[in-house]
Every structure is written in C-alpha cells, then in structure tokens.
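Here it is: the structure, laid out below.
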Amino acid sequence: MTKTRLEAFSDGVIAIIITIMVIELRAPHNSDWESLKELWPVFLSYIVSFTMLGIYWGNHHHLIHTIKEVRGGILWANLHLLFWLSLIPFATAWMGENHFSSNTVATYAFLADLCGVAYYILLIVIRNCNPGNEKLQAVLKRQFRKGLFSCIIYTLAIPASFIHPAIAGGLIITIAIIWLVPDRNIERTIQED
Amino acid sequence: MTKTRLEAFSDGVIAIIITIMVIELRAPHNSDWESLKELWPVFLSYIVSFTMLGIYWGNHHHLIHTIKEVRGGILWANLHLLFWLSLIPFATAWMGENHFSSNTVATYAFLADLCGVAYYILLIVIRNCNPGNEKLQAVLKRQFRKGLFSCIIYTLAIPASFIHPAIAGGLIITIAIIWLVPDRNIERTIQED
Amino acid sequence: MTKTRLEAFSDGVIAIIITIMVIELRAPHNSDWESLKELWPVFLSYIVSFTMLGIYWGNHHHLIHTIKEVRGGILWANLHLLFWLSLIPFATAWMGENHFSSNTVATYAFLADLCGVAYYILLIVIRNCNPGNEKLQAVLKRQFRKGLFSCIIYTLAIPASFIHPAIAGGLIITIAIIWLVPDRNIERTIQED
Amino acid sequence: MTKTRLEAFSDGVIAIIITIMVIELRAPHNSDWESLKELWPVFLSYIVSFTMLGIYWGNHHHLIHTIKEVRGGILWANLHLLFWLSLIPFATAWMGENHFSSNTVATYAFLADLCGVAYYILLIVIRNCNPGNEKLQAVLKRQFRKGLFSCIIYTLAIPASFIHPAIAGGLIITIAIIWLVPDRNIERTIQED
C-alpha cells in the first residue's frame, strides 16, 4: 500500500515537472518560419530535459519495483530527489532563453549533479532499509557505479562549460545515452522472480 | 504492477497536457462580447486538441488493457509517444494565436503525423514483446490499418494547408471522427475474455 | 481495472483543473494590503469554482463507485464532462478579472449549465450501460432530480445576471450548497452492500 | 476502494501544488550571475513551501494509512485542507517577490495557520468516524498535540513578522523541523500490525 502511494506521488510529480516545461515553449506571435526557428535553443533544452526526466522516471520505476519495505527514511530521500528534479524546468528555461551561454549550461550541469547526488542518497537509504534483499543489493551495486560515474561527469561539465558550452552539453548528453540503455540487470533479476 | 504504473504515468502526463492547454485560454481584460469572440480560433484549436488527446487516451487505455507483459522497450516507446503529445499544447497555441495561418496549420499536421508515427512504433514494440497473445495480434492488425491511414492523411494535410488551411483542418478533423468511433473490435475481444 | 483507470484519469484532470486556477491568482507586485484587497473578486471566484469542482469530484466519486461495468460510451461521456469542466478556470479568470460584470457572470452560469448537462448525459449513459443494477437505479433517480434542478437554476441565472450579477451569483452558490449536502442515499446504499 | 481514491486525489492535488510553484521561478532574461542572485528570496520561499507541502504529504499519508472507514465527512474535511494548501503557491510568490516584507510574511504565517487548523479539523473528523480503532486514537493524540502546538506558533508568527520578518521566518522553519522528524509512533503502530 505504502509503496503504491510512493510510486503514485513520484509519478505525479515527475509527470507534472515534465509537462510544466511545455509552458516555457511559448508560441511566437508571428506565424513565419523565422520566429519558429529562433526557438531552437528552447526546443533543444526541452528535449534534453524531457529525456533526463524520462530516464529518472524509468530508473526510479525499476528501483522501487525491487524494494519490499518502505520506511520514513525512503519517503524523505525520495522527496529530496523530487525537490532537485523540480528545479529542472527552471534551469532548462534559463539555458534555453539565453542560447546556452556558459553560465546557464554550468548551472544546468550543477543541477544535474545535485539530482544525481540525491538519487545516490536514495540508493543508499534504500539499501540500508532492505538489508536482507540480496537481489536488490546486486542491482544496487550496478546503479551505484553508474550513478557515481554520472556525478563525476556532471562535475567535470561545470568547468567545461566555461571552455565551451558545447563540451558540457556533449558530456550531459553522453550520460543520458548511458542511462537510456535499459538496465538489463534489473530486468533480468525481476524476470527471474 | 509494472503495467499499472505505466498506465498511471501515461494518464498523468496526458491529463496534464490536456489541462495545460487551458492556460493558453487567457481571459481577456475586457468584459464585452467582442473580446470573447476574438478568441474563437484559440477555442477551436483547443477543442480539436482536447479531442485528439482524449482519443489517444482512450485508445492507449484499450491498448495497454490487452497486453500482458511490459518490457523496457515498451516503456521507452511509450515515453517517445508522450514526448510528441507533449508538444501539442505548443502547436495548438501557435495555431490559435495566428488564426490558423498556413504555416501553423502545416506544423500542427506535421506534429499530428509524428504523434501518429510514435503510436505506430508503440504498436510494433508491443506486438514484438507479446508474441503469444493472439487476441492482441488480431486487435493490433486493425489499429495498424487505422494508424497507417491516419499518418497518410496527416502527411497529405501538410501541403494541403498551403493551398488552404481549411482543407488541412478538415482532414485533421476527419481523422478525429474516424478514431472517435470506438474500436468495437477491442471491446468485443475484451468482453470475450 | 478499466474502472480504476477511469477514476484515476478523471481524478487527475479534476485535480489539475482545480490547481491550475491558482496560477490565475497572480501575486501583486506591491506588498501593501491595498493591492491584496484588490484581488477579492479573483479570490471569491476561485472559492466558488474550487467548491464547484470539489462537488463534482465528490459526486463523480460516489457515482463511479456504484457502477459495475464500464463501456466505451461511459468513457466518452466522461471525457465530454471533463471538457466542460476544463473551461471553468477560463470562465473563473474572466469573471474575477472583470469584477463580476454581467457578461462574465452570465458566461459562468452558462458554462455551469453545460457542465450540469454533461453530468446529466453521463448519468443517462451509465444508467443504460448498467440495466440490472437496481441500487444504482435508485441512486440515479435522486441524482437526476438534483441535476435537472441545477440546470434549471443555472439557466435562470443567465438572464438574472443582466438584472444584477449578484442575483446570478446567489443562485450559483445556492446550487453549490444543495450539492454540498452529501448524498446520504448513495452512502446508505453503499453501506448496505 | 474509496480510500485509494481519496489518497490518489490528495496526492494529485499536493503534487500539482508543489510543482506549480516552479512556474513562479521565472528564468531571468540575462545569463549573468547577478540576475540569478536576485532570485534568492523566490528560491528561499520555494524551499520553505516545498518542505511544508512535503511534510503535509508525508503526514497525510501516515494518517490515511491508519484509518479503515472513509465517510463523506472525511472527503469534505480533506477537500477543505486541500483548499488552504492550494493557496500556498500564491502566498509563496507574494512573499518571494516582495523580499519577505512584513505584510507578506504575516500573510504566509496566517495561511500556514489556516492549513494547520484545516488539518486539525481533518483529524477530529477522522477520529469521530473511526471510534473503534484504538491504535488510530493513540496516534491521533500525538498528532493533536503537535498540530495544536504548530497552530499556536503560527499564530505568534503573525505579529512577530511586524517586529522583524526574520523572527516569523524562524518560527515557521522551526515548526517544519519539528514535523520533519518522522512520527515514529505511527510507524511503530503500523509495523505492529
């Protein structure tokens, strides 16, 4: 019961965060192609953030699926993750509106970093609350490795964005691709159930 | 469990997309009828998009109802569909604000096309993940035909909007009516269960 | 399964409609009490619409609870109801921003009327899809009476708002109070289950 | 069934309220750090409100978990709580935009007070509807004490904000911290089940 509600609330928040970004895609007041073309940085940052949030949703889904016990600690660690995720529309809009200038990309990378850390903390709390669940432990080990790697790359992307924003962008998109590859391990573990 | 969450998330996103379009219905600052009448293109495009999203919700609902196994591939194909659907409020606002000028209607038709293709891909992924489910196969065959037909009409609507936007509008509304007729086949198959 | 999803989607849409109205409550740029006081028509219309939507949610909840079979027809009648409900934020904002001028109150009453009619249609469709369910029939009879009465009053409120908006406002609030009294009949029927 | 839907609707509304506040975090049109720094009051009030709503969600979750019977009275008391919670984004935006001036902080404290009272009323209604449930009674006693204490402090924060807004802010944050400590009692009671 508790687990269902945790999922439902998280799904709700992530669904709203994803779609609230659409509000930033303001329709231009002219109907010529030129005014649509000018929106490309807003569109591009929307795509990146949509993908990132989609990945968080997918992995969150896989993660919560494997746990058996939900404690207060997990609720708060989850809320903490949702807090940082909720700032993504802001960072996305700032980046899009200012055509990927260094400051905005660095901020985006920093926020992505914080989201990664919050996910990492959630992983730790879940591990501690489910000591007996061996399958979960095996799955978590993989996620820990991937999560740690992401945070390191995001951290590197912060100074990189001051050399050239495109380098930081490339790093952020690389992480997205790494996560997009579905975690076969979790799926296999679930199917063995 | 997984299926329930997939439905819940999709429902959440579609519900938000539908209602976020309401934000674009900005209340005029005058209370005379004239200023309300000026909003007709915004209202009309709202009605079309609401109907379209409602149809996607209904068919999505019928579709997910018949499947038995949810794999990673379905999650991503579903997210891909939601991405294109999430752009509908933008296209709707652009079209409404510019009184159905050719460019905006063509863009709307193009987006409708992309949504149709994304739905088609979802159908393919679901078919491949559920090879044994014969009833689903029968139902899918129908949906494939309908889906393919929609995409062809949407594609025709793109150049048609440059001849006259009303032609494209008529084509888009025709497709909506075709889908509005509930898929008796799926319902029958479900009831036979 | 189908019923659960119908409820979830309706809850989602109504929840979003309710909270989207909050966006119209724009924070004034000054911090003096005067600028807060100026918002009273916006607040008042927010309260009325929140109550109205809350009532629809409550009754919708009671209604769907009693039905056993969900057919395509119910899905569409439900979507039709949600469409008119989704316009409430617009009518609310227009009324609030223009200090309850006659035109805006008449429009609000007209929309309330349309919502009432849509609810009425939903009742009819549900009745036709559940012919054997005798308890539901008894409950529906009451709701039909109440629903019909509401529509009549809303219809009267339209011309009344041109005599004085306050009369129309009084009528609309009266209907809200009538519905706020929980439908003891439905609750009793459910408990007898 | 009824309980599930009550939870789902409440979760939906709270999730939307939380994320709708993000819309107020408007991205600055410049990309320099200065324009980001200027947003600190908006950010700070966002953090406070996010935490507060997160706490309400957590406690609401714990509370509804323990009840067995849902009656009409609980639905309305719950809707009443959601109404006041739905005004938090407005109060947050007003406070943030006006850099925590006395009036706005006093209003925020007053709203927090009203939310606390609404929660208190919900507790009373739930107690009256579940007379036999002894465990719930024990849990409620604690919540009553905590809730009463919160309301007193919020009430004190109203005049305090006119001495200095920071005092009121400190009081509001203190209450948040008190509630953040998870209610071990409820968790223990649930686990003993």
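Lettered A, B, C and D in written order, each chain numbered from 1.
Methods note: contacts are C-beta pairs under 8 Å (C-beta built on N, C-alpha and C of every residue); 3 or more make two chains touch, one makes a residue touch a chain.
The model shown is predicted, which means the values in this text are computed figures rather than measured ones.
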{"item": "Fewest touching-chain hops separating chain A from chain C", "value": "2"}
{"item": "Furthest chain, CA centroid comparison against chain A", "value": "C"}
{"item": "Same-residue or different-residue interface between chain A and chain B, half as cut-off", "value": "different"}
{"item": "Euclidean distance of C-alpha centroids - chain B vs chain D, Å", "value": "37"}
{"item": "Chain B-chain C separation of Cα centroids, rounded to whole Å", "value": "26"}
{"item": "Touching two or more other chains - residues of chain D", "value": "8, 12, 16, 20, 23"}
{"item": "Contacting chain pairs - touch in the sense defined above", "value": "A-B, A-D, B-C, C-D"}
{"item": "Chain C residues touching chain D - in the complex, by the definition given at the top", "value": "7-8, 11-12, 14-16, 18-20, 22-23, 25-33, 36, 47, 50, 54, 57-58, 61, 65, 180, 182, 187"}
{"item": "Touching residues (chain side chain A, partner chain D) in the complex", "value": "1-2, 5, 8-9, 12-13, 16-17, 20, 23-24, 71-73, 75-76, 79, 82-83, 86-87, 89-90, 93-94, 97-98, 101-104, 107"}
